[in-house]
Amino acid sequence: MTILDTRLAAAPAASLAGRYAALRNRTERLAAPLSPEDQTIQSMPDASPTKWHRAHMTWFFETFLLLPYQPGYRRFREEFGFLFNSYYEAAGPRHARPKRGMLTRPSAAEVGAYRAHVDAAMDRLLRDPPAEALPLIELGLQHEQQHQELLLTDILHALSQNPLLPAYDADWRDPAASPGLARLIPGPEGVQQIGSGGESFAFDNETPRHKVWLDPYRIADRLVTNGEWLEFIADGGYRSPMLWMSEGWAACQAEDWQSPLHWHRREGAWFQYGLAGLQPLDPDAPVRHISWYEAEAFARWAERRLPTEAEWEAASGLPGFRDAEGIGWQWTGSAYRPYPGFRPWEGAVGEYNGKFMINQMILRGGSMATPPGHSRATYRNFFPPTARWQFTGLRLAADAA
Amino acid sequence: MTILDTRLAAAPAASLAGRYAALRNRTERLAAPLSPEDQTIQSMPDASPTKWHRAHMTWFFETFLLLPYQPGYRRFREEFGFLFNSYYEAAGPRHARPKRGMLTRPSAAEVGAYRAHVDAAMDRLLRDPPAEALPLIELGLQHEQQHQELLLTDILHALSQNPLLPAYDADWRDPAASPGLARLIPGPEGVQQIGSGGESFAFDNETPRHKVWLDPYRIADRLVTNGEWLEFIADGGYRSPMLWMSEGWAACQAEDWQSPLHWHRREGAWFQYGLAGLQPLDPDAPVRHISWYEAEAFARWAERRLPTEAEWEAASGLPGFRDAEGIGWQWTGSAYRPYPGFRPWEGAVGEYNGKFMINQMILRGGSMATPPGHSRATYRNFFPPTARWQFTGLRLAADAA
Amino acid sequence: MTILDTRLAAAPAASLAGRYAALRNRTERLAAPLSPEDQTIQSMPDASPTKWHRAHMTWFFETFLLLPYQPGYRRFREEFGFLFNSYYEAAGPRHARPKRGMLTRPSAAEVGAYRAHVDAAMDRLLRDPPAEALPLIELGLQHEQQHQELLLTDILHALSQNPLLPAYDADWRDPAASPGLARLIPGPEGVQQIGSGGESFAFDNETPRHKVWLDPYRIADRLVTNGEWLEFIADGGYRSPMLWMSEGWAACQAEDWQSPLHWHRREGAWFQYGLAGLQPLDPDAPVRHISWYEAEAFARWAERRLPTEAEWEAASGLPGFRDAEGIGWQWTGSAYRPYPGFRPWEGAVGEYNGKFMINQMILRGGSMATPPGHSRATYRNFFPPTARWQFTGLRLAADAA
Amino acid sequence: MTILDTRLAAAPAASLAGRYAALRNRTERLAAPLSPEDQTIQSMPDASPTKWHRAHMTWFFETFLLLPYQPGYRRFREEFGFLFNSYYEAAGPRHARPKRGMLTRPSAAEVGAYRAHVDAAMDRLLRDPPAEALPLIELGLQHEQQHQELLLTDILHALSQNPLLPAYDADWRDPAASPGLARLIPGPEGVQQIGSGGESFAFDNETPRHKVWLDPYRIADRLVTNGEWLEFIADGGYRSPMLWMSEGWAACQAEDWQSPLHWHRREGAWFQYGLAGLQPLDPDAPVRHISWYEAEAFARWAERRLPTEAEWEAASGLPGFRDAEGIGWQWTGSAYRPYPGFRPWEGAVGEYNGKFMINQMILRGGSMATPPGHSRATYRNFFPPTARWQFTGLRLAADAA
């Protein structure tokens, strides 16, 4: 399908330019606490340097908007077409992903100049954008938001490699989650519809809206907390193979998992490393930085299970369903596969989602690192079951019986 | 759930002993063409030696039937409890899987003695088996059949490592597949039921029978052939990243895939290595020894898709649906996850299936290596998307529109 | 140089055939306790299967003697030229070394037939051997002896991978070493000559005989014992990085060395796994199965050092210098590099030694696995400093001051 | 031994402070062309970031001079004792070497402040240094020089990972080497003396001065050139296994060596990447960035050999022996092992050299990156035989006959 098929209600041109400027500016604010050194390193192949994110978001506008639609536009630097392509085979060869941290040049300052150059050209384009470019403009903005989240998750991982455990921003405050005990609430059952019907922007992987059958189930009204996770630890959760998927147990042993990522034990007390640096662990806050394997083992220990993505989506609008967004992504029991009738977008952006639909698990909701307004009930986030560096937590579910 | 919940219609004791003897004898016949050397080696961690299979099947009866239900029974050799446990955490520690090929002792002959010893004890038990043992007896027989298939797939891989390309059995003849062009036939749609209802034996992962919603679709009446695969190769299928999942393309390049496993090009002609040794490739025979990644890329190239496992099962009883079993397992588009309401069996055999429900794709049908009568429409086979050493092929599907 | 340059005193033809037959027969006797399964597996890339050794020794005679010098001789099987070439680039392509354990065929019995076939042809050749073949015949016999030792070291490693710890030969008895306390005896100093002068067979790497300068030194009259090694362990030898080479300490930690290879602790007592199976550790026997790194760390702990190979050779003929041969190879402080004026043999056998003269350390003497009469004072054995699976021990030395 | 044993002729205090300041200033000038990003990354475990070098040199003075000898001195930051310890077990735990590139903090600027802080304290200490500190002061200065060279070699490797191939300093000019054809000149033979006798500073690994026996030999009066290396390439040097050590050939194939490191072929012409960026290859300049394996293979191809380190040292003072220093380090045929009678320095600096004396080959001379006055005829540089990122070349030798 084309992105136009998502029936994007295009905003008036003036406000589009404004949205563009505000979003692009938000990226720069997120990078502002970081030194040129911070912005350069890559702590693992799955994560990218801040500087690379800033340049890649810009490459996206340059490649998919300015080159096709802005007459006479030329790349800021020809080599950037190679350096900052992420994974688009149709857009030509690219720098090897695990080597993104070797790019000391261009400097952080030059990346800033690249952004300004593209922003100026985009500003001209956005004054009178051609109709066929509108969906790609929207996609570019959504893409910028996705990388804003990754910028935060990746820099947290990078800074965590430093024994000094520096803070990204000492003034950062984690959002407050819903208080109180968790309750299981019954979800909608029978034939239900999930997925995006195109009434507003959605990624191709959220479409088409389609019917599913749901057996009766219940779903928790809030996320699992650090305090509950401490019980799991105390009860030997990380030492009990019977609780784990076979591959999960192998990962747990190979990587010596004994707690969520970024937990530190100092003189008998638990601390958590986060965007504000090392802080005492809050037992009432939702647990985060857990892999799918840990989430699934916890659910078994709790005699519950993970919800499917369809259950999550069907229930997410119910009264009492708290913290859907804003705290942590929520692992589901669903593998990332295409919806019935899925068609990737046409053209180069067809590679956006479809080619990753294997060996990954679906997360729903949204995290404290997700830009406001970016996520929605139909949003499908996905990571491999070993991934721990995102802001990932869980919400429990159970069969109705 | 307990295996009893599958409501196994237990056969009379006499015929049970007969079934046991026939099945156990079949295993020995499968191993008969193999020398002690052939039976010993392990060609990769995923595959096991013939000798190990023969001993492990025996360990299963010894551990789950004789020790609990045959008063006074003692292990043939105490150490075999350790050596031939596959992955049952509840049954104690075990020999490391990648080191199964280091077990030159016990010899193939001693494994034969082990089998005879257990068979004699089982024969006594089967004369008057306690009711609660009946489901485990059935499971042991099913388990023996599963390893009969693995014995063949694993020895084919092991012998293929030898530059001499020796035949497992020079007289082996591949079964004939359905001739003629493939047709797409419409499958049942709307609310359908899949899974086993317990009317006959089924593994826990096939249960419970449950409702699913199926959008309209069509499914091929036969499998994709070698001749069709040659077109895919000729059209650059192995050189076109746009056809592949991202991880699949990485695997294709890293392992230099240019054709299905066991294809050899000699002086301009294609040959296929199989149980009868190297043979000219038959363009009309179904393709086999392909990974899920290759199957999925082929489907995209053919402007089709893989069926989901629910589509496959719902359509498998239709008139005209050919070669469901007996030729090759058929990759589906479904990830291996539990059915709604799934409960693993109780006790140690609860580890049989559930803990592998991640990072694997479902195959349906049955292959030329599957023992007669072992598979069924609800059967869920599963392997990682990179696996190529099984007898794996594909059947295409398409949306109805 | 040519092997002729070693001025081999060729034995009369009759006795040569006798020597040939006796040596070849000895190999078969060494393999006799081993089942076909035992003879097939490869426990690590550095070690080879018994069956492969038996075939490779035979390939050597076939390739370097029968094909060039026996008119009309044809290979027993053409493919064996590929399968059993070890590392001779000049002899054409070869089966990958780490895959030697995949050769279930030819069977052990067929390798026996191969040996008999070549032996019959060699017997004819040896009745009236051409003069230019004599050095290669001698080399083939020496080569057979080297692989006799490797056959034992490699099967010990292979059987040690089996949790049953089977004995190669339950009646095997380790040779007795010299009793009593070690004494340091002064060695010859100043300008000395080492290396082979060609008065009898020597490998090319032992030549030419040449002068070296030796500063005053003392060398132990016997090998370090297990009892002395127990003191090293008790004193924290395996936990003290300051005693170790930097790379040795890394290996010690990565592989979790806490004792020599093949030592087992059972209920508070030490046992040693050897050719007779698991036996109580004899504190008076020389330590064996240690890497160079361990030997060097021990010497530092003992406030001694390893002798250089020149010191060892110069001192080895002194009165009181005990256990030069027959117990264990003795690590020296010398890296394996060519002697001044070294010239490899001409022709394909030029690859015999020269191309391995890097990243390996010299061992002198001979072990309980070395065939009688094979070693000599000028013999240069060599292994990487991590190697532990040979019968390797140490003899201490010190500066004279 | 103690460093004092090297009988350092301590300079008057005033000039010592001047030498210190000049050397420390030279380091900062070397780092000046590099951005904070450039100074942060680590391109492989063997190389270190510029910023880390700058801090580690400073840590050396702080740890071994200021803390013991400057009353009341406190570390600039306590954590730096951990972060910037390289490999001194006696100095306590340290940051893992392969993770040096994760240290975005401290910033390059803060490292500058660290340097200034330590320089101020050192300036005070150097006004009236205690006698027992003099050798360590000298060692600190020598150590600073060694890391000046590594700073250049490591940044060249780091920048070479960037597809933009940025110049370290566009104005850098490689020094001119001796012109003309190479001649073989006879070297001193018989009993010779090599090593440092302590008349001026030397590292412990250069001592003691000792006798060696040298058979007659000849040695080239200049280094092998790029033009000669092009002949080696054209003659199939990188495709001829018979020229190579067995491990060298494996490395050549595994890493796909086809020319020295940093050579690039563009439209039919050869270019070399260096400190000035990409430049046309000068056929008359000495070849550099070759591994020992390549050097040794070249020598065999040229029907020559590498000189031993004793030959090199004995001949280096001969008339006509050109380019001993200032162009490229020269691989020798000698493994890095201790000299007879070697005693490491006492105390923590005893780890300086001794523990690396395995699996490395000796280089002699000095390179264009070596600080002026740092090297000398007895200097022993060492790297593993695979190392290519240093400024490494070769000088040929031959037996006299």
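Labels for the chains are A, B, C and D, by order of writing; each one numbers its residues from 1.
We take it that a residue touches a chain if its C-beta (ideal position, glycine included) is under 8 Å from a C-beta of that chain, and two chains touch if they have at least 3 such contacts.
Given the structure is predicted, the values throughout are model-derived calculations rather than measurements.
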item: Other chains in touch with both chain A and chain D; value: none
item: Contact distance in steps, from chain B to chain C; value: 1
item: Maximum centroid distance from chain D, chain identifier (CA atoms); value: B
item: For chain B paired with chain D, centre-to-centre distance based on mean C-alpha positions, whole Å; value: 58
item: Euclidean distance of C-alpha centroids - chain C vs chain D, Å; value: 37
item: Touching two or more other chains - residues of chain B; value: none
item: Chain pairs in mutual contact under the definition given at the outset; value: A-B, A-D, B-C, C-D
item: Complex contact set, residues of chain A against chain D; value: 35-41, 43, 51, 79, 82-83, 95, 99, 101-108, 158-159, 161-164, 166
item: Contact footprint of chain C on chain D as seen in their complex; value: 87, 89-90, 191, 210-215, 217, 241-242, 244-249, 292-293, 308, 333-335, 337-338, 340-341, 351, 355-359, 361, 385, 399, 401
